[in-house]
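Below, each structure is written out as structure tokens.
There are two complexes below, and they share subunit A, which is joined by subunit B in the first and by subunit C in the second.
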Partner chain A sequence: MTRLATPLALLLAALAYFVPAAAGGTPVVYAACTTIAILAVMAYGADLILSYLGEVSLGHTIFWAAGGYAAAMLSVGPGWNGWMTAGASVAIALVLACVLGWVTLRTREFVFSLVTYAAAVVAMEVAFNWSFLGGSDGIVGVPPLQLTVLGRGITGSTNAELWPVAWGLLMLTLLFIQRFRQSRLGTSALMVQMNPDLAQALGVDARSVRFLVFVASAPISALAGWLYAYQRAYVGPDMFESYFLVLMLTAIVIVGRRLLLGPLIGTALIIVQQTFFSIGGDGDKIVLGAVLAVILLLWPKGLIGLWELMRVRRAS
Partner chain B sequence: MNLAQQIINGLVLGSGYALIAIGWTVLLGAARLVNFAHGQLYMLAAFLAWAAMQQFGVDYYVAVPIAVLALGLLGVVLQGVMLPLVMKQNLTSLMIVTLGFGYVFQGGAARVFGGDPQRLISPLQAESIRYGDIWFTLQDVVTLAGTLLLFGFLWLVMNRTRLGALVRSVAEDPKLAQLFGINAARVYIGVFVFECAAVALGAGLVAPRSPILTSMGFDEVILTFVVVVLGGIGSVGGSLLAGFGLGMFTALFGALVSPAYTTAAAFLLLLIVLVTRPGGLAARR
Partner chain C sequence: MRRTRLGRRQFTFVASAAAATLAAPAIAQGEPIKVGTIFPQSGPAGPNGQAVANAVKIAAEMINAKGGVLGRRLVVVSKDDESTPAVGVTRANEMVAEKVAVVIEGWNSPVTLAMQPVLARADVLDITAVSKADPILAGQANPYAIRLNSSNGQDGAVIAEILLGKLNARRIGFLTQNDAYGNGAQAVIEAELGRLGKPWEKVVVEQFPFKQTDFRVSLANVKQAKPDAVVAINAAESSGMPALIQQYRQAGIDGVFVGAVGTILPTVFKIAGEATTGIVSADIYFSDLPPFDKIKENIEFVEAFRRAHSEAPDKGAALGAAALEVWASAANAAKSLDRKTVAQAIRGKSVPGTVLGDVAFEANGQARHKHTIFKVVDGKTAKIEVMK
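Now for the complex of A and B:
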């Protein structure tokens, strides 16, 4: 059963491709599903840090915004196509992650969180004030996504057209996370988190593991930002808003850490609430914040912890 | 540029930073708990004082103590719910929980107090003092004096009383402290209440300087981050020094270089210090 769990999870995610069509195929449904896929990918970037390093990165909005800004600026200015802007997003995120990873190399726990948060605030202030990045107005008029896949041109001017791209990106992310979990780096990261002394005794260099995981996580969030820029046709300093930060963390912890589909299901729950059962912008904030706090206070392992608890009770 | 005036500005700004940061410093030192709702608590206190003055017509001098009291009570409730996690020292989860609380406060305050900018009006703000070409308000004087008094009092409590010894022993090793019969849970609650009350006092004294918004949250107190870390985690004297140092830096940087990039510059300073001295300026190496 457990050996089948991963292929089953990936199969489920693959079948999600048909969800918007099955749910009626209206523009609202396509918009919600595309948004879920994009924000879930964003959350997977932070998930790599929270689940496998056990640290709380509050700086992943930087990579998310960097991807968005790269896509917007390079498609508006020099008119690059989707592949080129994606490559640029990844490259910029890698450079930024190397810098931030190096700065935070010796920090742990709350100092790590504080510094990554501080870096995000600096980045937002720069984006807000620097006219090169569009300043407080951001960059408007991002053209529709242009991609050539296997000789076929894809234009993403509506959410229905963007959905296959968003789904594809999500699947790639899941496969990457799955590979990471089985890789040497992934297992070393877990060991460093669970038992640093043992890791050191086995010759694992904790610092380089932390650095590599941090750097590997950045392009994931950046690619989500890249697609988000095309979906909204606009990027601005609002990509640094705490909404995205709280959403990432909630999506990760709501179902349970270290679960392959956890962040995806979490994001889906949140976006479905905000799209179809919204109680106003401020009300949704209360819901999102309260869900985050209550889950961690009552079942620190997430909803999966609640399920285990009930199973144990029933067994006894 | 008038250097003397900038130094005064730096002192005034610095006392505000130190005052807003102090609760957090103590909390971090004693409970290793980062409260990411700190900014929203500041916002909440400012709006409670504002509402008390607007809705119930009380005086500024009454409204601020009301806000301090209300936040203290809120602190009891919050720490009460977080206690299981605090006792387990599940710090990762706690950080995220406080982030969630902050988000709830922000959404809740926007619903209750509305989205418009408001002004917390202090009668002391109108009393300005001129001395040659130097200018400041009575509010600035009270903030500075209040900060110094609170820090002095706190230093005395932490270093010269049994209560301070309790807090320090729990900070050092909570499990061992409990073995010696110290009620660590009560210490955690007390420290958290102090944080909430101190940030409310800070809001009461500092918020009249500029318009208040329910969305201001963390951005408004973000610089206290720098104070807490630069001063050295949990160091009372360190954060006072760091507060004034940062105040000077912001005042001079804003006047000499660029006001728009002041926060960014302050954080750059923090990053440089962290790379070279990860324990903060007060670290003994």
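Now for the complex of A and C:
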């Protein structure tokens, strides 16, 4: 069963392609599904750090925003196409991640979180005040996404048109995470987190593992930001706001860490509640906070903890 | 076959219903037209956004009583943008799905800027009621943009006139909300101050985010700078602005507190009370002052708003109502609900029959206004005095 879990998860995610059409195919459904896919990819970036390094990065909004700003500036200014802006988003995120990864190399736990958060605050202030990045106005007039895939042109001027791209990005992310889990880097990261003494005894360089995982996580969130810029057609300093930070961390924790579909299901639960079952801005925040508190208090492993508890009870 | 006869009571009912139908020439019929509002209904700007959304509903009832738009009733769909651009985008998508004929939106400029492309791509007419940032009318995101509130440019000239003309201030400070609205407003005020040609000096600038409510550190810096006047640009009129005014008084700063245009709203008086005495500011609408106290639509609107909410409408509310009235008037005149046709009947034209009287629009969709400069003489009772 365990051996089948990963292919099954990937199959489920692949079948998600048909969800918007099955759910009525209305613009709101396509908008919600595209947003879920984009925000889930954003969360997978932070998930790599939280699940496999055991650290809480409060700075992943930097990479998310970097992807968005790169897409907006390069498509509005020099008129680059989607592939070129995607490449630039990844490159910029890698450079920023190298700097931030190097700075936080010696930090652990609380200090790591604090330093990454401080970096996000600095980045937000820079974006707010630097006219080169559009200042507090941000960048308006981002054109629809233009991509050529296998000789076919894709235009993303509506959410229905963007959905295949968002779903494709989500699938690529899932495949990457799955490969990462099986890779030497992934297993070393887990070992460094779970049993640092063993890792040291086996000659694993904890610092380089932490650095590489951090750098690998950045382009994931950046590509989510890249697509978000095209979906929204506007990029502003609000991409650094706590709304996205809280969303990505909650999405990971709510279902359970180190689960391939965890961040996707978490994001879907939050966005579906906010879109289709909203009880007002204040009410939504109370629901989200209360649900998170209850889950973490009763089942610290997330909803998967509840599932395991039920399985044990049924077995006994 | 059984014949039915009308009894006397039934006959009276049917006859009076028929008479009522004939006597009411302007009851809107046909399939209702959906109109949307997207404003903050929660968070720091929640109470202000609620006032605007409520005002649009009252305006819709007034329009319906006069025959609706193209003979059809208006139904208002209201949504909460939570002062968050990402949420605003979701709500804008929902409005597109609701197939609304027009969306009246915008308290926070970044939220408006984020929603504009969504509505424009879906070909839904989008009227900005309050948000002030300049790029809203730049045409990149929405070539048919329309805005009811005064622009930063119009307001900047008035604040510059207050500072140098009325207060003769030389040492000027700024307390500025750090976003599209705040920074834009400050830049325009500085440009207008330069244009007046009188000597002045910028002695302090303190910036803060929209949601901030503790300004004590910033105010200590302001006090040290010994300004003659301080311009406060803060759009959180239900939380940040009243807190800023109270803390300004507690800090014992001597310089005159100059509220940016349209920021000294009833919510500010309600929360900050006595601390507002002495504030100088300007605005474009006062429910009971000339010329609005003579406008038939405004008198009706103020009465209806008071009946429903036990208070007079503020500027935001009046702008919301006027936005719907402008759209309704233009749609009726153009005999169309088409986005482009209605927008062209508004942009660069004068639209009659609103709570603001006849509203003239620039070619870029910006409404023209006449500002009234005032001083608060008693904050407790919200008594103001017009400065000539």
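Remarks
Criterion: the second predicted complex is superposed on the first by the 316 of 316 C-alpha atoms of A that agree within 3 Å, B and C clash if a C-alpha of one lies under 4 Å from a C-alpha of the other, contacts with A are read in each partner's own complex, and residues count from 1 in each chain.
Everything below uses one rule, namely that a contact is a pair of C-beta atoms (placed from the backbone, for glycine too) under 8 Å apart; a residue touches a chain by one contact, two chains touch by 3 or more.
Note that the structure is a prediction, hence the values are computed from the model and not measured.
With the C-alpha superposition on subunit A as described, subunit C and subunit B clash in the combined arrangement.
Contacts of A:T158 after superposition on the shared chain: subunit C is touched, whereas subunit B is not.
In the superposed model, A:I286 makes contact with subunit B only, not with subunit C. In the superposition on chain A, A:P27 makes contact with subunit C only, while subunit B stays out of contact range.
For subunit A, the partner with contacts to more residues, out of subunit B and subunit C, is B.
Once chain A of one complex is fitted onto chain A of the other, the partner contacts of A:N195 are absent, as it touches neither subunit B nor subunit C. Touch criterion met: A:L249 reaches subunit B, while subunit C stays clear of it. Of the two partner chains, subunit C is the only one that A:Q274 touches; subunit B does not reach it. Once the two complexes are overlaid on the shared chain, A:D238 sits against subunit C while remaining clear of subunit B.
Contact with subunit C, but none with subunit B, is seen for A:G138 once the two complexes are overlaid on the shared chain. By the touch criterion defined above, A:T35 lies against subunit C but remains apart from subunit B after alignment on the C-alpha atoms of chain A. On subunit A, the patch touched by subunit B and the patch touched by subunit C overlap at residues 129, 281-283. Taken in their complex, subunit A has these residues touching subunit B: 50, 54-56, 103-104, 106-107, 109-111, 113-115, 117-119, 121-122, 125-126, 129, 242, 245-246, 249-250, 253, 281-286, 288-293, 296-297, 300.
Against subunit C, in their complex, subunit A makes its touches with residues 26-28, 31-32, 35, 128-129, 135-138, 140-142, 157-159, 232-234, 236-238, 241, 243-244, 274-275, 278, 280-283. Across the interface of their complex, subunit A is touched by residues 40-43, 46, 80, 82, 84-87, 89-90, 93-94, 96-97, 109-110, 113-114, 116-118, 121-122, 133-135, 138, 140-141, 178-180, 182-184 of subunit C. Taken together, the subunit B residues at the contact with subunit A in this complex read 28, 32, 34, 81-82, 84-85, 90-93, 95-97, 99-108, 110-111, 217-219, 222, 225-226, 228-229, 233, 260-261, 263-264, 267-268, 270-271, 274-275, 278.
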